[in-house]
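Listed next: structures, encoded as structure tokens.
Presented sequentially are two complexes of chain A, the first with chain B as partner and the second with chain C.
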Partner chain A sequence: MSHTILLFGITKDIIGGSVHETGNAFTTVGELRRHLYNIYPQLEKLNSLMIAVNNNYANDDDRLQSSDEIALIPPVSGG
Partner chain B sequence: MKASIYIAETINTTDVITAISKPEYGAVDVFIGTVRNHTQGKKVIKLFFECYEPMALLEMQKIADEAKERFAIQEIIIHHATGEKYPGELAVVIAVAAHRRKAAFEACEFAIDTLKQTVPIWKKEFFEDGSVWVAAHP
Partner chain C sequence: MQLNKERYNRQLLLAGFGEEAQLKLLQSRVLVVGAGGLGVPVLQYLSGMGVGKIGIIDHDVVAESNLHRQVLYTTNDIGEPKANKAAERLNALNPEVEYIVFNELLTTGNALSVIGLFDVVVDCTDNFPTRYLINDACVILNKPFVYGAIHQYEGQVSVFNHNGSATYRCLFPTAPEVGVVQDCNTNGVLGILPGIIGCYQANETIKLLTGIGELLANKMLIIDTLFNQQRTIRFQPKSDLPQITRLDSDDYKSLCGSARLRNMSVSELASRIKNNEAIQLVDVREDDELAICQIADSIHIPLGEIVAKANKIDGSQPVIMICHHGIRSRIAGEELLKKGFTNIFNLTGGIHAWALEIDKTMQVY
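The block that comes next holds the complex of A and B.
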């Protein structure tokens, strides 16, 4: 099982493309975060990196389901 | 009439003001955010606004709901632009209607301050010598 992660803003430039396939499944948001930091250390240099699950900001201990819509939210700058 | 929470390539100040102006309200406060042609001493050629639209709409709705809970206001409209924008063009329009002005001013400031912190929209600035995602790095 794999998760498809939607990418926005600078995370598109760092990872390349508009989605990232994790290749395997993660139980929690925190596990996914550590996986991404391992492969793409530049993500850790950002001012912040939130992870959204089903259109809501998630905490690292939130659990992931295979059907979840997951997105990386680098520092926002609208307005 | 467009929705009170709305994201599109093109937004329009007059649409927003017309939609919110009603005889029972004594005060309408409007914040208009436009593209500035310079930042930190550098000339800005254009901006690109990227948006995670379904989540951005939800977060904008949360701001509207919270503004109505916290301030004595009657209505709030938040429209945000996406895509390529040039200096002087609209980025965001927020309008708040209330019976009295103080609540309208306060709710409008709360809305734009919170939008800048929570709504998943990203601004890329283009200069003569390159481009940068705003606020990404320390």
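The block that comes next holds the complex of A and C.
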């Protein structure tokens, strides 16, 4: 099992591409977050990184299903 | 108030808008922070549509590299202050609007007095420190703000702090470390993108002022202009964030440095107390330990409740975390940093060191 993650803003540059396949499944949003921070330490330097599940803001203890649509939404500063 | 029925004719004709909404616009006061890529379309449409009073705050001058997207300015304007030039052009577009020009940066020093003059703020800035400053000032003054931001081919739009809706910090409690997210000056941007996002901001502002439609409050619209994808993310206000009662004294510059837990020795704490410095002491030990000894004027939040009760802590002062030996207080301090606090110290050696070195009458355990 794997999760497909849609990437926005600077996360596209950090991870590379607009979609990321995790390769394995994660039970909670927090687990997924720690996994991503491990492979892509730059993500953690964002200090704030919203993870949305099915277009809703997700908390770290929210549970994940394989069918969930997951998005990484970082802060953006340009204007 | 007298409406110019000719100028606003097409809006007066519009079902669901009409004279009532037009009068509301005429009586509204909007501050646009930043007269650059996002600010230009916001200013143009708010002016054209007839917002009564428009504040323009920007300290910058027009540069040649601005002109591909800041299409209110001309080649002759290079080197001229943006706020003045914008007001001049907008006044030609609609002289019925009252323009209030602030040829300066929005800072901790002027934010509350400037924003206080307006009903709504439109965040058209291009950097994190000013975005957090706008958020915090609007929270303190209880004013809504319409947010827009761009990155390469993508934009974000939302309405924050409107009738108790979520704030920017509910989504992004702390700013990224310096250099992780670059701005348009480094990353580049297509001229049209701030035009699109700014128009969405102007649209939300008009809806907010007139009460029509549904706002992007507790929602963020994300637009990918390269593949024509749009999505709306929903969220809720967070109740466990630090309360904002004061603006950062350093104009939010340190906020974009990394917030790290710093150490404080018992002797430094003793001297800060002696000098009557504004500090907040947070003791994270359990009740039975507190009964044995405590440092005067500390508030008590056991480690297990630190996240839930973080809003009891005044983050505008240096916060010093205290426990028995400095271990639990370190964990509590790290939790507060994750919550968005920035000015957190851990008392090295805890109350035990305090009893041994500073207050020798204190009971040790």
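Note that the second predicted complex is superposed on the first by the 74 of 79 C-alpha atoms of A that agree within 3 Å, B and C clash if a C-alpha of one lies under 4 Å from a C-alpha of the other, contacts with A are read in each partner's own complex, and residues count from 1 in each chain.
In this section, a contact is a pair of C-beta atoms (placed from the backbone, for glycine too) under 8 Å apart; a residue touches a chain by one contact, two chains touch by 3 or more.
Bear in mind that the values here come from a model prediction, so they are computed numbers and not experimental data.
In the superposition on chain A, A:Phe8 contacts both chain B and chain C. When both complexes are overlaid on chain A, the residue A:Asn47 reaches chain B and chain C alike. After overlaying the two complexes on the shared chain, residue contacts for A:Tyr37 are found with neither chain B nor chain C.
In the overlay built on the shared chain, the residue A:Ile73 is in contact with chain B and with chain C. By the touch criterion stated above, A:Asn55 is placed in contact with chain B and with chain C alike.
Across the two superposed structures, the residue set of chain A contacted by chain B and also by chain C is 8-10, 45-47, 52, 55-56, 71, 73-79. Residues 6, 8-10, 13, 45-47, 52, 55-56, 71, 73-79 of chain A are the ones touching chain B in the complex. For chain C in complex with chain A, the residues that touch the partner chain are 34, 36-39, 123-128, 131, 148-152, 154-156, 171-177, 180-184, 187, 189, 194, 220, 222, 224, 231-236, 258-259.
Interface residues of chain B, counted against chain A in their complex, comprise 33, 49-52, 54-56, 58, 80, 91-92, 112, 115-124, 133-138. Interface residues of chain A facing chain C in the complex, by the touch rule stated above, are 8-10, 12, 42, 45-48, 50, 52, 55-57, 71, 73-79.
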